[in-house]
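Two complexes, one shared chain (chain A), two partners (chain B, chain C).
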Partner chain A sequence: MSKIYQTPEEAKQDQQYLETLAELIYQLADDDLLISHRGSEWLGLAPHIEEDVAFSSITQDTMGHAAMYYQMLEELGFGKADDIAHLRKPEEYRNAALTERVNGQGHYKENPDYDWGYAIMRNYAYEVFKKARLDALENSSYAPLADTAAKIKREQFYHLYHWEVWIDQLSHSTEEAQNRLNAALKKTWEDVSSLFDLGSKGAKMVELGLIESVDVLKEKFISRIQAKIEGAGLEWPGEFKALETTGREGKHSQEFVDALNELNEVYKLDPQASW
Partner chain B sequence: MVEKAEMVTTQEEQAKYNEFIAKIGRGEKIEADDWMPEDYRIQLIKLIAMHGLSEIMGAFPEKEWVPKTPTLKRKLSLMAKVQDEVGHGQLLIRVAEDLMKPLGKSREDIMSDLFSGKLKFHNVFHMETKSWADAALIGWLVDGAAIVTQKMLAHTSYAPYARALKRIILEERFHAYHGEDMVIALGDGTEMQREMMQDALNRWWPALLMFFGPPEEGGLKSNQEQNIRYKIRYKTNEELRQEFLDKYVPQIQALGLKVPDENIYYDEEKQKWVYTHADYTYLRDVIAKNQGPRSQNRLNLRKIGFENNAWVREALLKKQEEIS
Partner chain C sequence: MQEALTSLEKQVWEKLQLVTDPEITSVSLIEMGMVEAVEIAESKVTVRMIPTYIGCPALNMMENDVVKSVSDIEGIDEVEVIFLKKPIWTSDRITAEGREKLKEYGIAPPPLESKQEGVWEIECPYCNSPKTVMNNIFGPTACRSIFYCNSCKNPFEAIKPV
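And then the complex of A and B:
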């Protein structure tokens, strides 16, 4: 059994623990921030009004999760939550590549050519992964993180369920829908391994009891998602592709840099000001 | 024989009509399944569909700022707000759909009438947003103007619309507080923030005056008159605008902002605001024809969403057919 840290003050006493913990929370926060940012670009463009409302609600919850994690970093002494979310350099962000990908071609204000199939598959894969990760975090050695994970799971249950309903509704329908979902799944699979990267401090995270090993996360992920995909008559894409770049080490696409510039455009005008 | 049958029908219709007028005269409400005059139904469909579409199209100008919202806390509340607006649109379009059913029309018709320009959406949502302060102003004054109109419409003679409005107003009040809070932060903020806020107010002022529709100096337009007679509404455009000015001119001044109208003053004797009228030919010629600064762009966004997702609707339809 690893030692349990009950409070930020306790964690701050142990430099190595603190650094490893922070690295994990950055990953958690930045993943939710980016996927939620991409979700917010969809608003007004979803297949029907009801979905606009539902997807927006999920996006909000997810942004709320990011905010909780940034708040934890603030409590651990890493600066103001808003500064952490908005002002870091691109190479300081730790999100997985899958969460930063664009929704499709074009900008949300001008000619957005967004793909609903990709929205379903990318978000579904992310939520299955998120569920496995939250399950693991519930037993984390950092007690505030375990508590937060339990809270988030209550909302996240519905997010995961939402995307499953979409897959149920569209699978075995038209040939076009089936083709689009398969193509979207393939595209998602290009980046899916980015989720399972814990970065250079990964081994330490597991050793300190902060999270379960990547192998355990992967196994949980695959057992859930494979059953769904095959049950829906979609093509199981098989093995994950090896990672080319790793967001966990701060290597990001131009798409990410553009998203970040959008995200911090107003805040950067004057971070000292009250907005 | 035929003539006689028609006469009976006409007499019956007349009796029903008289009953209807007496009913709303007593302050009773009309339900979706009740008999109603055809022009009452048509007016309601137009009004409610336009209101619903305005809520949906109104999501766009604010949504433009959601990804850029400066703080996490504000981002969460703005996201919630925009979601509410789309939810209002959904609620209202459901009310309009029930009214359209006897005419054999559906939501698809509402959307295609929007795209063809047959159904309008509110003038403020044709305007361009240029800075974060615009998002704050929309929450504060556009929602404030909406509340003024909706408070009046909540007494409408058509019960399903009144019920929807009741819920909508509760949420709109929340939005107006939220907008006010954003505006206060900017108004009390740095020099740059205050300038940003004043600039937004200057830009939006004419659109806010136009929000309530043209003044009725040349007599009431037939629509307004008819709607008042049917108790769909009970105040004129100008009465609503005066209410808005009563409430917001003092608030604007209290925030240290300047109403962008050199000539505005309160006439104590007449108990009303005297102000420079906005250019209503702009409203008529540009906005009503969807030629406002962002009209085509925002309609296009809706259209892209509609067309790009055609495959989703087809798939859902097929699935539904299989189940039934």
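And then the complex of A and C:
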């Protein structure tokens, strides 16, 4: 049984614990930030008005989750939450590659040719993973993180449910829909390993009781997602592809750098402005 | 607890009862189950609140409204609002009065049972018919869904159970 840290002050007393904890929270925050940024690029482009409403609600919730994690970092003495979110260098971000991929060809302001199938599968895989990770975090040795995870879970339930409805409906519609979902699932699988990477401090995170091991997370992920995919008559893509780059160590695509520049453009104009 | 309240504490709670959800102006923050505690130390009031949805854009407005309203009380110089991480807000914190007032606003209160599982049984806030169907799990705000009543033919919103 790991020692439980009740407050930021307690965590700050133990340098190794603090550094390991911060590394985990950066991963949590940056994953939610990037996936919700990609979600926000769908605004006005979703297949129908109800989906526009739903996806923007999910995006708003998820951005709120990221903000809560950045706030935790602020409480742990890593600077102002908004600065942490906006002013770091690209190599200081810790998000998984899956969360930073573009939505498709083009740009949301000009000729967006986005792939809705990929939106469904990427977000579905992310939410199944996020659920497994939140379940693990509920038992985290950092009590404020456990409380936050419990709260996020209540909202996240609807996000996961939402993408499952899309899979259920499309997989039972046309052959084209099935083909597109299968292709999107394959593309998602290219990056799915990136989610399960805890970075160089991963073993320490598990040892300090901050989160469960990657094996446990993987098992939970696969048991839920495989049942859904096979139940929907889609092709189970099998083993994860080996990790190529590790976002957890700050290695990101040019697509990510472009996204970051857009994301922080307004904030950088006047960081003193009140929001 | 009520009889132990000082007159100042009573005034603070009365003021809080006047602060409503900016998006649902029939329901007070107290009725939404968002006010956890009020502490008074000399001329400073601390209001401990439980945020509803994490990304809710109305939280800052609620905070400002609380500060403004409570500051009006004579003898109060400083008002601080603290949003708590624990306990977490769940939709069953909405009081019985709150649930009635939501209906007056045309919004169905969240079901008390069957939390986040299975099919929700939602009654129409206009005609109380149980013959309703969900049109979209996500509504105009993160906390609401859109339903349709097959009896009185009105579309309406419902607070999601969390």
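By definition in this document, the second predicted complex is superposed on the first by the 271 of 275 C-alpha atoms of A that agree within 3 Å, B and C clash if a C-alpha of one lies under 4 Å from a C-alpha of the other, contacts with A are read in each partner's own complex, and residues count from 1 in each chain.
Everything that follows uses one rule, which is that contacts are C-beta pairs under 8 Å (C-beta built on N, C-alpha and C of every residue); 3 or more make two chains touch, one makes a residue touch a chain.
Predicted, not measured: the structure shown is a model, and the values here were computed from it.
First (chain B), second (chain C), both or neither: which does A:H162 touch?
Touch partner of A:H162: chain C, not chain B.
Based on the superposed arrangement, let me know which partner A:R154 touches: chain B (first), chain C (second), both, or neither?
So A:R154 only meets chain C here.
Identify the partner contact of A:F78: answer first if only chain B is touched, second if only chain C is, both if each is, neither if none is.
neither
Going by the contact rule stated at the top, is it chain B or chain C that touches a larger number of residues on chain A?
With both complexes superposed on chain A, more residues of chain A are touched by B.
Considering only touches as defined above, state whether A:P112 meets chain B (first), chain C (second), both or neither.
First partner only.
Where does A:F240 make contact in the superposed view: on chain B (first), on chain C (second), on both, or on neither?
A:F240 contacts neither chain B nor chain C.
Between chain B (first) and chain C (second), which does A:A177 come into contact with in this model arrangement: first, second, both, or neither?
first
Which partner chains sit in contact with A:A273 here, chain B, chain C, both or neither? Use first/second/both/neither.
So A:A273 only meets chain B here.
Which positions of chain A sit in both the chain B and the chain C interface?
50, 53, 57, 60, 63-64, 67
For chain B, which residues count as touching chain A in their complex?
56, 59-60, 63-76, 79-80, 82-83, 86-87, 89-90, 93, 132, 185-186, 188-190, 192-193, 297, 300-302, 304-305, 308-309, 311-316, 318-319, 322
Which positions of chain C touch chain A when the two form their complex?
53-57, 85-86, 88-90, 116, 135-142, 146, 160, 162
Help me check something: in the complex, which residues belonging to chain A touch chain C?
Residues of chain A touching chain C: 50, 53-54, 57-58, 60-65, 67-68, 144, 147-148, 150-152, 154-155, 157-158, 161-162, 165.
Once bound in the complex, which stretches of chain A touch chain B?
Counting only chain A, the residues touching chain B are 37, 40-41, 43-50, 52-53, 56-57, 59-60, 63-64, 66-67, 70, 81-82, 85-86, 108-116, 169-170, 172-174, 176-177, 180, 259, 262-263, 265-267, 269-270, 273-275.
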